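Note that the chains take the letters A, B and C in the order they are written out, and that residue 1 is the start of every chain.
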């Protein structure tokens, strides 16, 4: 029974990683950059929802929506101001800029909201559902998290395969130049990608903070790094890959916490990343990219 | 510092299918490609490529855009590992060798889109070509042991000597990336020569050059061959250059060799004319 | 030969500046005109200078972003201190014991560099960056679970348990106590030791850069495919730069740890890696003198501007972004050139000469 209970918590944590990883993977697929600040957008989303619900007493749904809207604005603004001017710059410079943004968000949050941990309100709902005569209890948050993840996955798959914008995104990730010649506005498409990624980050932030209700300016960085790990694990640029990688990583993390050591769980998660990159440098579902000579 | 060890000798005496210049006729060809091929996914990029190059031959590889010419160079230098076939360099099979090992074994190349070490000086670019020619270890470098001074002096002198062949000696201290286009192309050739190759592969050396620069380049290519007694294979779209200096020409279309021969044979080959100009409609 | 002369001159400027600063500071200290807070900063400044210069070897010279530099510092710090305590009875002279400890710290960090480099250096770009980050975290995690003690039987090591599991004999001493780290360190680091380490670092890094190996490393940065085509083995030279960088960071770690009475693994976290990255980026990628100046100024400034301390990291972040925009965006560059052009025009002929020399 402990196994099943670990498995379900792993699935839940993995769903959160998967939602964050989607943001990384979509941006990487199109802009070919590692948006290091993505994890901190999650943190901002959590704070917005926290203030909306516990300070301004708005209904949770409004809080989540507000977080999504503001994060979208934030994501698009970051892209416009910091990443767009560096479109043709070497990836080292873009990555350093992204680290700068990440640091900026963390420290701005620290100044605005102090580093004292805040207790995140129950946005999703308390309580738990019991199975097997109460031997297995699954919290509502866990169920909602997994369900949200499934909904997002289905919606995104539909979006990228059926809509005009989704097709434009796929075109841009294949070949930006050719997409531009076909009349697709690459800049606009990249902005939309950042918008979607950031809105997802807000949702992930709310779910994450509901499951682990201590909110700090650094809340987003570790899940962000792990979600990036998931994206690489699944094959960066691939949407199903991000889902698969996120869920696998969540399960690995919870199992290593449960069966090996809590202290070493992060080390184990990162060791998995390294092993994966060595065995299959493009991740589980990634495509081989070769440099043209 | 382990130096590259040559693999077991695998001499495969195959009567060459090429026209090798008379002066090379009794010697082992410097390079022989046999049934060479590579697939990318399901796409056959190069197939059944056979060619031999004489020790001091200037050979041309021509063909329409997308025929797979650069892919052949990438196969020979092991940027891509071939899917099929054998490459014999001086009679040694280069199977499983890396780009670095192939270079040490004697193939040097230039690139279609110039690839210089653009933040380093012209002289340093040439010295990097001599990386495996004039060697000393990391510690000799850090502690500035006598070896360092001796070898650096040697490298400097040799670099200036090579640069002067292409009249670049005055630019030695300039940053490579700041050179004009023509000089960058020349520098790339000098850098390749510095690796002391037995076969030099030039990928569109005259691209972007005006007629007078091209004729200077033609003189220089012949001069390099005469001076170093090496084989040169070049990919080029400028037919004046190809027909002017190449002794043997290989024509590639859709990844396959469609014709081989001397310039005059190639010029009159109906298959070649068809590949370049398209087929004349019957009737 | 003219070029070598130019290099020699710029190297001499670097050495000269470091030596002059040291001598001036010693004189000021001798006369007692130095604030205690600045005096306390001297060893950390040396540590950060060495860290920045060594990281610059990876980022600026090799051209690969490492986000786990603090991890090597951590390895050097812990192994160095353990060595220092273990050698207490063997080498009595503090300075010698410290030098040996630094060597051991550097060697262990180099070993970690090799172990990490084997998998990591097969990757490049963003992947390499994220994996070095992961390794930094792994090192932190592992040291947090590590218990090391010493008794008459020698060093005793236990993993993932507790200090009690070391089963130390009578008179034994716990050195590393898991997440509590090392406490009760005898302070051995001095400004002079730090100065010596800076000189050694400069000697190694500058001489490496301007040698055959250094050229090969820079060639890999500029164009890996071309480098391989002229017979330069990529992995070997990437490894050389990476391991040298790790070893120097290890020595700096020992110097750092022996300057405080306690040291924990949490000290060498991602933030420390980023702090050093800021020094390197601000000083200019590949610019050794820049790294030295940036590390020094950015270590002293926060002390002097204590009232702005809250904003320090925020300002660092903005600076990081602006420097990247300024060096990579053409519009931004054009703007800077215009401003520079105006200044040069105002300065007249003197300015023009400067422009030609460049």
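Operating definition for what follows: contacts are C-beta pairs under 8 Å (C-beta built on N, C-alpha and C of every residue); 3 or more make two chains touch, one makes a residue touch a chain.
All values reported here derive from a predicted model rather than from experimental measurement.
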Which chain has its C-alpha centre closest to the mean of all protein C-alpha atoms shown? C
Taking each chain's C-alpha mean as its centre, the one farthest from subunit A: B
When centres are defined as mean Cα positions, the distance from subunit A to subunit C in whole Å is 32
How big is the gap, in whole Å, between where the Cα atoms of subunit B centre and where those of subunit C centre? 42
In angstrom, rounded to a whole number, how far apart do the mean CA points of subunit A and subunit B lie? 48
Where in subunit B do residues touch at least two different other chains? 79, 111
Send over the residues of subunit C in touch with two or more other chains. 225
Name the residues of subunit A that each touch 2 or more other chains. 293
Residue numbers on subunit A that touch subunit C, as the complex places them: 33-34, 82, 85-86, 89-97, 99-101, 103-104, 106-108, 110-111, 221, 225, 228-229, 232, 261, 263-264, 266-267, 270-271, 273-274, 277-278, 281, 291, 293
Please give the residue numbers of subunit C that touch subunit A in the complex, ascending. 59, 63-65, 67, 119-120, 122-123, 125-127, 129-131, 133-135, 137-138, 141-142, 144-145, 160, 179, 225, 270, 274, 277, 281, 310-311, 313-314, 316-321, 324-325, 327-329, 331-332
Over in the complex, which subunit B residues touch subunit C? Could you list them? 77, 79, 98-100, 103-104, 108-109, 111, 115-121, 123-124, 127-129, 131-132, 134-138, 140-144, 148, 151-152, 155-156, 172-173, 191-192, 194-195
The residues of subunit C that touch subunit B in their complex are 1-3, 203-204, 207-208, 211-216, 218-219, 221-223, 225-234, 240
